């Protein structure tokens, strides 16, 4: 009887252990490569948005969609521009039709025309992926299909993503979506193909007003880095502890 | 928009006020079905363990049935996830490259472990029967008999020892597996709650109580479904026997059934009270602490989703069946109505968590409404619509019918532990 | 001893072995921890290079100037100096080899993106030269009178 009990403990404990075995398998695979990757990167990409300079032309959104092959007429977008209009009655009107792809050319927000003398304050806020230091989206990916590079950009592996949508749910900023063609999670990556090859992100290049700029935080001589380190900048939703790396000048309490 | 371009979520999401451009109801009906079905699995298993582990003798009949039924439910718990994946062909990846900081990565592991436990337990409970069938069918000829015999031979995994001492060991093994299975079943479902509870971006979901609430309501729904199915099957058998002339026998079955139902009802009520208490605690706490998100949460809970939450879930799904079950002079028919309402209530709870959690924008400045696709006109609207959900709901009964062909969980003389 | 009780265990181990074995074939060799830790750096290494190789579409003014020096110089001297060529002409990838004519956008809507009047006090938008769309030559293209390469030039 004792014998069988021992056998049984073996069975159940062994069974549970065995099912957890893949856990040890991946560490063995990756150890040496992990060590190689520890060498400090000389780049940490960050972004600076000057909301006072943004005029809401939406050319950044257009450029982004073309550059990154996001179907132009799909209602999803890697970057977008929000319009905030606070009227004298204390109401905050916010909109971003098609992500601001076609700019803002009327003073009508959701069928309500807002006359300029009703306005207390009004401005535009461009949004994009915050390339967080603690990206919640990466933490929740069940298969390792999204990850943070050494230079701080969060990428999505289109060949490995299973399309569960957990990362989309986990992002407090709503920057992720399913790519209509590839059927995998998609998001802004600061135009990784451009910044890695000495170019500016498409949205930065196409902004005529200097409202969007890219910075290498590890380069103290980078003029944008200097602005970030010396001016009063804010980030979005820091209460989530994600440590976002898109910095804003002229942010307002109404900005969501 | 071109016709072949499908933006996931656009089809059934209606936005109101300001919602971020990329926000849609990404997790729709299948993600409601997923914790619901997982909950039924966990609940069914816990019910069967009450007999196997804690020796609740009067639960014997329903315990065998619920054990096999939990096996039938098991694959169905994974099917909603498959249907919801944008890349279903890559469904094995969580097992191949599990990223354990994700609650979903645990699914592959816990689910597999749990499946092995349930299968092993059933094997131990029914091994003697398998062996008997192999011997019995040996004497019979015919293709179907040969095939059936082959299946049973495979099912024995070559263990033909049915001596008393061997059967004793089997019983012991089943008991241990049932005991181990309880925490694993709870874990399987608790982590389903964790999937939601750990999403810090979602104001409604984020709560450490979420896993516990999920387990409690899981057990409630699991017991309710087992009781319901059991009653229906037994009544059907009684009805058939009655027609065959065996009046006395039918009465006998009814008598035995009543005992089981009474006992199971008591457990059901206990777990129901626990589930409601926790949910109310969560609600009160949110209102009292009134964090930044409370304004929008309140407008959803007391406004837009009031009927779903307070009328359908709490009143119709919890309060009414509670009263029905607790009032004296309970009849079988009243029990059936109460059980149906309980199942509905737990479904509404899952709905209000999953869909309700996406009813408001991350910007806290707008709302999203889920318009569930009724008539499917594409694969997507089938999968994430009413028909997809109904398919998932019907599958466990199909599986049970198939499994029951080989593992007779409803036979009164079935060999058991 | 009744060793038959271990049989389910052997089946379980066999299954797990199968998964581990298939892992060797299916999972790419460069899959592992490559970033700062397992939480944020567990991925397929070669995917980084794949993203770096993503095709660029907007080549920028430096590429335009190679052939269209006159236009670029004119633009550079104008108040539209900060407006990228490709904002109106479209992304220049493949031009002129595969794509002889870029889809030049001369619609009113394009100009209105900046020049439709919105008096927003906290944005530079309010300070741009602007028109009220419905009151300013409603049916005409802007380019009939204004030269985008030098908006101050009077083309009438």
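Some points to look at:
To keep things simple, chains are lettered A, B and C as they appear, and every chain counts its residues starting from 1.
In this text, a residue touches a chain if its C-beta (ideal position, glycine included) is under 8 Å from a C-beta of that chain, and two chains touch if they have at least 3 such contacts.
All figures in this text were calculated on a predicted structure; none of them were measured in a lab.
Comparing mean CA positions across the assembly, the chain most remote from chain B is C.
For the pairs A-C and B-C, the larger set of C-beta contacts lies at A-C. Spacing of chain A relative to chain B, judged by their CA centroids, is 36 angstrom.
If you average the Cα atoms of chain A and of chain C, the two centres end up 14 Å apart.
Distance between chain centres (mean CA atoms), chain B to chain C: 45 Å. Contact of a single residue of chain C with at least two other chains is seen at positions 2, 5, 8-9, 12, 19, 23, 27, 31, 39, 42. With touch defined as above, residues shared between interfaces to two or more other chains in chain B number as follows: 95-97, 99-101, 112, 116, 120, 169, 173. Counting partner chains per residue, chain A has residues 4, 7-8, 11, 15, 19, 22, 26, 139, 144-145, 160 touching two or more of them. Contacts from chain B toward chain C in the complex involve residues 92, 95-97, 99-101, 112, 116, 119-120, 123-124, 157-159, 161, 165-166, 169-170, 173.
Those residues of chain A that touch chain C in the complex are listed here as 3-4, 7-8, 10-11, 14-15, 18-19, 21-22, 25-26, 29-31, 33-34, 37, 51-59, 62-63, 66-68, 85, 102-107, 116, 119, 121-124, 134-135, 138-139, 144-150, 155, 157, 159-160, 189, 192-194, 196-197, 199, 202, 205-206, 208-210, 250, 252. Considering their complex, residues 1-3, 5-6, 8-9, 12-13, 16, 19-20, 23, 27, 30-36, 39-45, 47-48, 51-58, 60, 80, 82-84, 86-87, 90-91, 109, 112-114, 116, 118-125, 128, 133 of chain C touch chain A.
Listing the residues of chain B that touch chain A in their complex gives 1-2, 5-10, 17-18, 20-24, 26-27, 81, 84-87, 90-91, 93-105, 107, 109, 112-113, 116-117, 120, 169, 172-173, 176-177, 180, 184, 195, 198-202, 292, 361-365. Across the complex, chain B is touched by residues 2, 4-5, 7-9, 11-12, 15, 19, 22-23, 26-27, 31, 38-39, 42 of chain C.
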